[in-house]
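Chain lettering (A, B, C, D, E and F) follows the sequence in which the chains are written, and residue indices restart at 1 in each chain.
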C-alpha cells in the first residue's frame, strides 16, 4: 500500500496516525505540508528515521522545494516528482490518503 | 484576555498552543470541536485539570450537547450559551481565537 | 458595546459560520451593536445566493441575509478573497467580463480596509475560523 | 492504467486541487488514462467560472477546463455537495428557481454514484484532500 | 482481493473516518457516500479511527446548533447491508469511551488488526 | 493600551500566524491583511508561532507548484513601517531552524515574552 500524508507533523497528528497503521514494507509519500517531516534535525526526525526502518519514505520534490527544504532532506528519504508520484501509485495496489 | 479553541485536542496541537500562551488568570472558552477537551476521563483530562488551576475554562453548551458530552463534562469547566459567550467577550479586553 | 466579526470559513463545510451567526444573534439580543461582519478566506462563500441546502437543513446564506435586513447589519465580503473563489456582484461581473453574478441580498463586496476599520472602530473584534 | 481522482478541497484555499491537477497531468504524460475526476466537499468550488484570480497567479479553474478539453477528461461535480455550496448549472438553476448559474466549461454535475463507479472501474482511486 | 458476485466482480471498499462530527462537514458527507455506495453491491467496510469515533457516540443533541443530528443514520446502515463497522479500540479509550457509548454495534479492533483490514482493500476513501 | 497619534488614537494590532505557507492560503491572505492594514497607521505587530515560522524561511522555490513565492514580500514590510516581527524561539528550534534561516530580521522571543506581547494588544487577528 502507498500512504500519502499532507499535513505538517508538528501541529497535527496525521503523520503519527499514518505511521501507526502503515504496515512494514509499505510506502509513505509526504506531500504538500507533509514534506516538513522530511527535514533533518527537527523534533520529529528521530521518529522518521525509526519509521524509515520499516517503511519506505518518499517526499514530493516540488513541495520540498517550495518550502525551501531542498538542502535539508534527511538521509533515507527519496525525492520524487509528480511523475514519480504516479509511478508509486501504479506500483502499489491501493492508496490511502491521510488528510 | 479571552482565548477560544475550536479544535479537538486529540489529533491537533491547537489547544496545547493556546495553553502555552494563555496567561495566568485569563479565560479559555472551548467551542465547536474544541469542547471534546472538556470531557472527563480522557487522555487530556489531566492536562485540562492542571490548566484549570491557572486559567478559567469554559465550554459552549450547544457544542457540548451536539457532541453528546452533556453528562461527561469535567468538574471545573463552566458551560455557557451563546449569550454567555458574548458576555465573556465583553468582560475581557481582547479575544484571541486559536484556530 | 460595538462588535466587529470576522468569518473565515465557508457555509456548511466548517462550523465557523454557524458559531459566528449565533454569536451575532445573541449579541444583538443583549442590545449590543454589530459594527460589521467581514467575510474573508473561504468565508466569502457565505455570500452566494446560489446555494440550495437540503430541505431539512438550515439555510446559512438566507439566515445571514435575513438577519442583515432585520438589523441593518453591514455584511462585507473581501474583494480579493472573493475574486479567487468566484463570488462576484453585478458591477464586478461587468468589470471582469463575467456573464453572471452570485452575490446574495444584504452582502456587499469591498476591500480589506473594511476589516481593519472594523478592528479600529469596534470595541471587540472576534474571529471565527476553521 | 486507469485512474480515478477525488478532489475534496476548493481552489487556492488548499493545495489539494493543485496537487491533483499536477498528478493528472503527469499521469496523462505517462500514457495513463484518467477515468474520471470527481469533485466533492469544497472541491466542487473548482468548477465555478466566476473566479478572477490575480494576474500573477495560476488560474486553477481554467487549468482544469483546458486540460479537460485537451484530453476529453470527465470532470464531475457532486450535486449534493454543490447545492450546499452554490455551484449550479443551467438546468439546476432552472429547477431550483435560481436566476444565474456558475459552472465552468468542461465540468458536469452528477451524483455520488459517479464516485463509486470510478472506484469500481478505475485501477486506482487517489484522494486529494485538505 | 476482489470477489465474484452475480453482477460480476465486487471490489472491497473501505471508508476511513477520522473527523469529528459538526465541527466540519466531512463526517456527514462521508456518510452520504457510504449510503449511496451501498447500492452498488460492493464489499463495503467502514473504519473509525482517531476523532472519527466521535461520529458514533450516543446522546448527540444538535438543537442548539440548528443542525441535523445524523448519528441515528448509522443505525440504518444495516438495512443497506453495511455491517462491517470497525472502531479503533485505542481511539475510544483515549477519549474515555467504550463500546456501550456508541449508537451501533461495532467491532473493536487493535491498530494491528486495523492495519490488516486496510491492507485487504481495493479502494480506500478517506475523510 | 491604545496610544495617541496625530490622527487620533492608534490601536495595537497583532497578527498571529500559525500556518505553513502553500499547503493552504491562510499564510498568503494573512500577509495581504498586514499590507493593507499598514496604511491605517496603527501600532502593528506580527507574531509567528508553531508552523507559522515556516512562512519566513529562506530558499523557497515555488516554480514546481506554479504558485507565486511570497516570502520576499516579508522584506517589504519594513517599507510599510511594519517592523515588529516576533518569532517563537521554541517553534524555530523544534523545526531545526535558526534566525539565519529566515528572510528578514526578527525578534526571537520566549513563550513567556510572546504571552506578554499578546496581552498588550487591542486587536488580535489570528490565522
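As a convention for this text, contacts are C-beta pairs under 8 Å (C-beta built on N, C-alpha and C of every residue); 3 or more make two chains touch, one makes a residue touch a chain.
Keep in mind the model is a prediction, meaning the values are calculated, not measured.
Think of each touching pair as a link: the shortest run of links from subunit A to subunit F has 1 of them.
Common neighbours of subunit D and subunit E, listed by label, are A, C. By the residue-number overlap criterion, the interface of subunit A with subunit B counts as same, with over half of its numbers used by both chains. Put simply, the C-alpha centre of subunit A and that of subunit D have 26 angstrom between them.
Between the CA-based centres of subunit A and subunit C the separation comes to 38 Å, rounded to the whole angstrom. Of all residues in subunit F, those that touch two or more other chains are 18, 22-25, 50, 65, 67, 123-124, 126-127.
Residue positions of subunit C with contacts to 2 or more other chains are 8, 12-13, 15, 22, 41, 57, 80, 84, 125, 127, 129-130.
Within subunit A, contacts with two or more other chains are made by residues 6, 10-11, 13, 17, 32-33, 62-63, 81, 94-95, 97, 99. Going by the touch rule set out above, the chain pairs that meet are A-B, A-D, A-E, A-F, B-C, B-E, B-F, C-D, C-E, C-F, D-E, D-F. Residues of subunit E touching subunit B in their complex: 18, 20-24, 50-51, 54, 57-65, 67, 69, 71, 94-96. Subunit D makes touch with subunit F in their complex at residues 12-15, 18, 22, 56-58, 130. Those residues of subunit D that touch subunit C in the shared complex are 10-13, 41-42, 45, 48-54, 57, 61, 80, 83-88, 92-93, 96, 98, 100-102.
Residues 1, 3, 8, 15-16, 19, 22-23, 25-27, 29-30, 32, 124-130 of subunit C touch subunit B in their complex. Subunit E meets subunit D in the complex at residues 11, 13, 25-26, 29, 32-33, 36-37, 39-40, 42, 123-127.
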